[in-house]
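Each of the next two complexes has chain A plus one more chain, namely chain B in the first and chain C in the second.
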Partner chain A sequence: MTQAVEERSAFRTFIARVREARHEKWGDLTGYLFVAPLVLMWLVFGGYPYIRGILITLQDYRVYERPTWSFLNSYVGLQNFKELFQDKYILQGLKAAICLYLSWFPVSLVFSLGTAVLLNRVRTKWLASTYRVLMTLAWVIPVAAAYPMWQQIYEPNFGYLNYFLRDVIKITQNPPSWGSDALTYWISFGIAAIWKGYGYYMLLFLIGLYNIPKELYEAAELDGANGWQQFWHIELPGIRNIMLLFLVTNVGFLSEGTVQMMVFGQGPGLIGKTAALYAWEQAFTGAMRLGYGSAINLFLGIGNLILVTLVFKFFRSEKA
Partner chain B sequence: MSRENKALSRRSFLRLAGLAVGGAVLAACAPQIIKETVVVEKQVEKEVTKVVKETVQVEKQVEVTKVVEKKVEVTKVVEKQGPKEVRIARCGWLESEMPFDLAIATYNNLPERKDDNVQIILDPAGKGATDPVLAQMMAAGEKIPWNAHACFTPFLDTMAGISLETIQPFDPFLETSHYGDAAKRVKADMIGSVKEDNSYQGKLITIPTNVDVVCFMYRKDYLESVGANPPATMDEVLAIAKDVQKKLEKDKVFGFAPTPAVTWRYPAALHQAYSPADKLFTQDGLLNILDEGWLAAMEITKKFIDAGTVPQGWETWGYPENWKQGKVAMALNQHSMGTWGGMIWGYDKLAMMPTPPGSSAIQKSGTMFWATSIPLFKAAPYPQETTDFLVWLVDPDNEMWNRGAFKAGKMVGLKTPYTKYIDPNDVTQNWALGVLPLLEAATPPPPTKWYITEHTKIVPKMVEFLKGTKSATQAMQEAWDDIQAEIAKDKK
Partner chain C sequence: MFSIHRVRRILRRTLLHVYLIIVSSFGLFPFIWSLSSSFKSQKELYTTVPALLPKKIDLINYQYVLTGVKGVGKAGMGQLLILYRNSLAVSITSVVLTVLIVSLAAYAFARLQFRGRDALFSFFIVLMFLPAGGTLMAQFELMKRLKLFDSLVGLILLYTGGGGTALFLMRQIFLGIPSELEDAARVDGASNLRIAFQIMFPLATSGMVLVSIMHFIGCWGEYLVSRTMIITAEKMTLPPGVNTIIFETPAAGIVASYGVKATAVSLMVLPVLLLFVFMQRWFIRGAVEGLKL
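Up next is the complex of A and B:
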C-alpha cells in the first residue's frame, strides 16, 4: 500500500516537473492565444505571399496561360535566375536604379538633416510649428499629383522653370529640356524627389533631435562648444538610431523606381526604366511572365537585403 | 464561499477574454454560412422569373391562380434583398471626360428601374478585365461582384481578356435585351471599323462608349497668316511649318509637333501616309516597322526636328500643353487633342483633316484609331442588366449621352448620332463630321498581345535615330530584333 502511494507520489512529481519544464520552455500557453490572431494574420498576408512568391520564381508562370499557374505544370527550377544573369535589360535597369538613387539620396540626407538641425534651434514655439507644417506640406501631397506638377514646371517650352530662366532672369535663351533630355533627366527627377520626401526625413531627424537632453547642450555651452561642435559631438551621436532608421529604410534602392518612373515618366529613350520597372513589365505586359518578373524582384530583394545588412554591420562596428 | 473568491483574477479574466477573442476570430472565419446565403438569393431570383412567365397564362386559365399567390410571396423576399447592385469597375479618366455620372443617375431613375430594382454603380475598387487577380478569382470560382470594366481599349486589351478568359461576347444578351429595338440599332448602326475593333471571331466582345481618331490638325489663322492652303503632302507640311515659325517667331509659335515617342499617336499613324493598308501590319499582327513607308515616316520626322520646327520635349510625351496654349501651328495627334485646343482658343480656328500623304502612291492616308469600350465579364452576376444599361447608354436615340460625347470633344462608335445631333453649321461640333470619314476608312489594328512590348522596344531606338546616332534602318532592325527576342521567350 505504502509502495503504491510512493509510486503515485513519484509519478505526480515527475508530471509536475514535466509541466514545470514545459512552462519554463514555452511560457504561459495563454499568451499564445493572445498572439495567435496576429500570427495567423501574418501567416496569411505575410508568410504565404513570401513563400508563394519564391515558388513562382521557380515556375514559368504566365498570367495569360492558366495551365502554367500550377506549380507542377510549370516548374523550371532555377531557369529564371539563369536567364536574368544574361538579360541586358537587367544591367541597364540597375544602372537606372543607381542613377535614381544618387539623384536624390545624398542631397536629401544633407538637406533634411540640416533643416532639422536649424529647426531644432528655433526657440519660438509657434514659429517652430509653422516651419514644421510648411516643411512637411510637400510630403503629404500624393505622388500622383506631385510628379505631374513637376512635369508642368519642367515643360521645356513654356514651363515655369524655363520661363523663369529665359524670360524673367534671362540667363539663357536655350534652356534645357529637363525631363526630356538625357543630360538633365536625373537632375530633374532628383529635385522633384528631394522636394517630395525631405519633409518626412526632416521630421524624422527632428524627433531624434528633440529627444536629446537639454543638459547636454547646457554643459557644452559651459565648456565653450560652438554650434558646429554641438552638432558634431551631441546632435549627430544623439540621432544615431534615427540615422540608422533613415539608412536602413532607404538603402534598398535596387528595387526602387516603379511608381516614380510610371508617374514622372521614363525619360528620353526610356532611360529611366529601372530593373524593378522592367520586372513589372515582364510580369504584366507582353507574355506576362510572372515567374521571370518575380525572379528579378527576388534577385533585387536579396541585393537590398545585403545592403541593409552592410548598414547594420557598419553601425554595430562603430558602436563596438 | 467568500466574495473575493467569486471575483475573477486578472489572469483568469485575461484567459477568458483571450478565449472569447479566439472564438470570435474562428467564428468570423467560417465561410460556409455566407455561401449558403448566396445560393438562397439565387434560387429566389430564378423563381421570380419563372412565375412571371406563367402569369401570362393566368388570364386564360383560372387554375393557375395559386401560382400568382406564390408570386406575391416570393416578390416580398426579393424586396428584402435590396436593389440589384450592378457594379461596373470604374475608370477615372473616362468618368472625368465623358458624362458617365449623369448617364448613370438618369438610368437609375428611369420609371422601369422602379420595377426591376436595378442600380448601376461605378465601383472604384473594381478590377479590370486584364487584371490577373480578376482572372484568378474567376478561375478559383469565387463570386465576382463586378459585371464589366469601363476602361478597356480593345486593340490593346482584347487578347489579354481572351487569354485570361475574363470576358464573354455580348451577342446573346443583346438578343434578349430589355431594350430590344435599341440593341438592334446598336448592332446595325456601329461603324464598320469600330465594329471590327470591338469584335473577336465575329462576336461583339465589347461595346464602345467613345472613340479617338488620330488626324492631322492645324490652326487656320496661323496658316492664313502665311497665305498657306491646307497642306496636300508631308513635304508641304514641312515647308509651311518653316514659314509659320519664321513669321510667328515673336509669338514663339512652332511649326509642327510630332510625338515620335508615343507610338499610337504618331509613328503608327504617319506610317499610313506612306503605305497602303496591307503594308501596315505583319502577318503576325505586329507593326511593320521594317516597311519602307515606316522608315520614310521616320525620315520626314527627323527633317522636322532638324529644321527646328518642333517644340522641345519630343523625346518623351511631346507637346500637348503647347498645342492647347496655341503655340503650335500643325500637329498629328488624337483628335481629342485638337478639340481640347479648340475649346481653349476657339473652335473657329481649328481644322482637322486626314494626314497629308507622304508618298505619291497614297491618294488618301488612313489612320490609327482606338475605341474606349466596355467588356462584359464572364462571371458577371448581372450580365443581362449590364447589357441593358450599355445598350441604353450608346443607343443612337440617347440624346443626352451622344450630345455629351461630342461636347466633350469625343467621337462615338455609332453612325446615326453624327447626322442626328450635330449641327453642320456649329463649329463646336462640326469637326466630328470631318473626322467621321477618317474613322470609317481606318484599318483596325489586329488583335495581338504585343503592342506594349513593341512600344517599349521601338521608342528608345526611334529616339536614337532622331538624335542622329543611328540610321532609320539600323534603329528599326534593332527594335525588331528586340521584339522578336521577347516573342521568342513566349514560344519557349
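Up next is the complex of A and C:
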C-alpha cells in the first residue's frame, strides 16, 4: 500500500516536472488560447487573401472567361507588370494621385497642428471640449456622405458656396463651377478633404500635447518663455512621435483616392481617376481583370512602402 | 488702469476664440447645410438665393426616402430603411466580435508570458505597413468560393478579420494597468480567463469603448469592401447604398434629387454623429491612455 502511494507521488512529481519544463519552453499556454481567435480570423480573411493577392498578380485572371482559376492554369509571369508600364492611364492616375495629395496634405498639416496648439491654450474646460467636439465631427462623417455633401455645396447654380460668393460677399458675378470645372476641381476636392481630415489630425496632435508633462510648461514660464518659444522648444519636440505617426500613415499617397473619387466624382474628363481607382475598375468592372488590377495595386503599394521607409530614415537621422 | 500688457492679453485671447469659432463652424457647416436642404421643398431648393435655414419645413424628402410618395412608384420606398437595417446589423455584430477578439489577444500580448509572443505582436504591427497588392481581389475570390459573396455574413467576417490599430491601442491600455490586482488574484488561484474577464476587462473599459466607437464608425462608413462584395440592392449597406441611382435621380417631378440626396446623407450621418457626441469624453480618455507613445 505504501508502495502505491509512493508510486503515485513519484508520478505526480514527474507530471509537475514535465509541466515545469513545458512552461519553461512554451510559457503560459492560455496565451495561445487568447490570441487564437485573432490569429485564426486573420489567417482566413487577411493572411490568405494577402498571399493569394500577390499570386494573382502573376495570373491573367478574367473572372467571366473561365469557371475556375487556379494559379497554374492562367500563369503569365510578369506580363501584367509589363502591361502596366505601357498603360497611359497609369501615368495619368499617378498624376491624379499627386494632385490629390498636394490638394490637402500640406495645408492640412499646418492647419490641424496650428489649431491643436491654439486649442491646447484654452483653459476653460467646457469650452475646450465643445470646440473639440465640433471640430472632430467631420471626421466621424462617413466618406460616402461627406463628399456628396460638398458636391451639394459646390453645385454651381443652387449650391451655397456660389450664392455666398455672388450675393453675400459679392466678390464675383461669375463664380466658377467648382467640382465640375477642370481648373477648380482639385481645389474643391482639397477643401473637402481638408475639412474631412483636419478634425482627426487635430485630435491626434492634441492628444500628443495632453501627454506633455505640465512641469515642462511651468519651467518654461519661470524662464519667461513666450508662446512661440513654448511651441518650438516644448510642444514640437513633445509631439515628435505623433508627428511621425501622422507622416507615416499619410505618406503612402500612391494608392489613395479610390473611395474619395468614387463618391466625389472624377471630374471633367475624368481628371480625378487616380491609379488606385483605375486598378479597382480594371478588377471589378468590365472584363473583371482581377490579375491586372492586383498588379497595379501591388505596384502602387511597393511605391508607398518606399516612401514610408524614406520617412522613417529621415526621422531617425534627425534624431541623431 | 489697463496696462498695455493686459490689453494685449485680452486682445490675443479674443482673437484665439474668434479663430476657434470660425474653424468650428467650418467643421459643422456642410452637415447643417445638408440637414437644412433635406427640409426644403423642391421649389425652395431650386432657387438661386438659397437660405441657410428652410423658410417652410417640408417633409416630402423624408416621406420619399422612408415610406414612398404617392404617384412616384416604388422607387424610393423603404430602400433607406433596408440599408439602415443592413448597416446596423453588420456594424453591431462586427463591433462585438472585434472588441472581444482584440481584447483577449491584447491582454495576452500585454501580460501573459508565452513563447513567440513579442514576435507575433510585431508581426501584426508590421502587417499594417506592408503593401496590400491584390488583397481585395483575393477576398473577392475567397468569398465567391465560400459562397459568402453578396452576403452580409461575408461582410461581417471581412470587417472583423483585421485590426492592427485596435490591437495596438488595447495592448497599450492593458500595459498601463498596474499589475498588483492581477497578482493578488493569481495568488488566490484565479485562472487567466477569469482574471481577464473579471479584473482586467472592467479596468480597460475606456480602451474598449474607444475601440468600439472607432470600429463602429469604421464599419458604418466603410465603402469599398461593401461596394465590391455586395451587388443586390436589398443587401447593400448605407455608404454604397445612398450613392446608388435611387437617391441620385428620383424618378418623379415631385421630389428633387438634391433634396433626396441631402436627406439620405443626413440620415446616414446622424447615428454616428450622435454616438460620437455622447461618447466623446470616453473617446478622449481612451485615446490619451492608448497613445502614450
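Rule of thumb we're sticking to: the second predicted complex is superposed on the first by the 280 of 320 C-alpha atoms of A that agree within 3 Å, B and C clash if a C-alpha of one lies under 4 Å from a C-alpha of the other, contacts with A are read in each partner's own complex, and residues count from 1 in each chain.
Heads up, the rule we're going with is that a residue touches a chain if its C-beta (ideal position, glycine included) is under 8 Å from a C-beta of that chain, and two chains touch if they have at least 3 such contacts.
Predicted model only: the values in this text are computed from it and were never measured.
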Combined model on chain A: chain C and chain B, fit or clash: clash
A:290 touches, of chain B and chain C: first, second, both or neither? both
Touched partner set for A:231, first chain B, second chain C, both or neither: neither
Contacts of A:265 with chain B and chain C, given as first, second, both or neither: first
Partner, of chain C and chain B, that touches more residues belonging to chain A: C
Touched partner set for A:81, first chain B, second chain C, both or neither: neither
Partner chain in contact with A:315 - chain B first, chain C second, else both or neither: neither
Partner chain(s) touched by A:155 [first = chain B, second = chain C, both, neither]: both
First (chain B), second (chain C), both or neither touched by A:217: neither
First, second, both or neither for A:69, with chain B first and chain C second: both
Touching partner for A:200 - first (chain B), second (chain C), both, neither: neither
Offending stretch of chain B which, after superposing on A, collides with chain C (from 62-70, 188-196, 278-286 or 332-340): 332-340
Set of chain A residues, in rising order, touched by both chain B and chain C: 30, 34, 37, 69, 152, 155, 157-158, 284, 290
Of all residues in chain B, those that touch chain A in their complex: 11, 14-15, 18-19, 21-22, 25, 132, 135-136, 139, 160, 163-165, 252, 254, 261, 311-317, 319, 321-322, 325, 327, 449-450, 452-453, 456, 459-460, 463-464, 486-487, 489-490, 492
Of chain A, residues touching chain B in the complex: 30, 33-34, 36-37, 40, 60, 62-66, 69, 151-152, 155-158, 177, 179-181, 265, 267-271, 273, 281, 284-290, 292
Chain A residues within the chain C interface of the complex: 25-32, 34-35, 37-39, 41-42, 44-46, 48-54, 56-57, 61, 69, 115, 118-119, 121-122, 129-138, 140-146, 148-150, 152-153, 155, 157-160, 163, 167, 195, 198-199, 203-204, 207-208, 210-211, 241-242, 245, 248, 255, 258-259, 262-263, 280, 283-284, 290-291, 293-295, 297-298, 300-302, 304-305, 308
Residues of chain C that touch chain A when the two form their complex: 16-17, 19-20, 23-28, 30-31, 33-34, 37, 45-50, 52, 100-102, 104-105, 107-109, 112-115, 117, 120, 124, 127, 129-142, 157-158, 160-163, 167, 191-193, 196, 217, 220-221, 223-224, 227-228, 238-240, 242-243, 258, 261-262, 265, 268-269, 272-273, 275-277, 280-281, 284, 287-288, 291-293
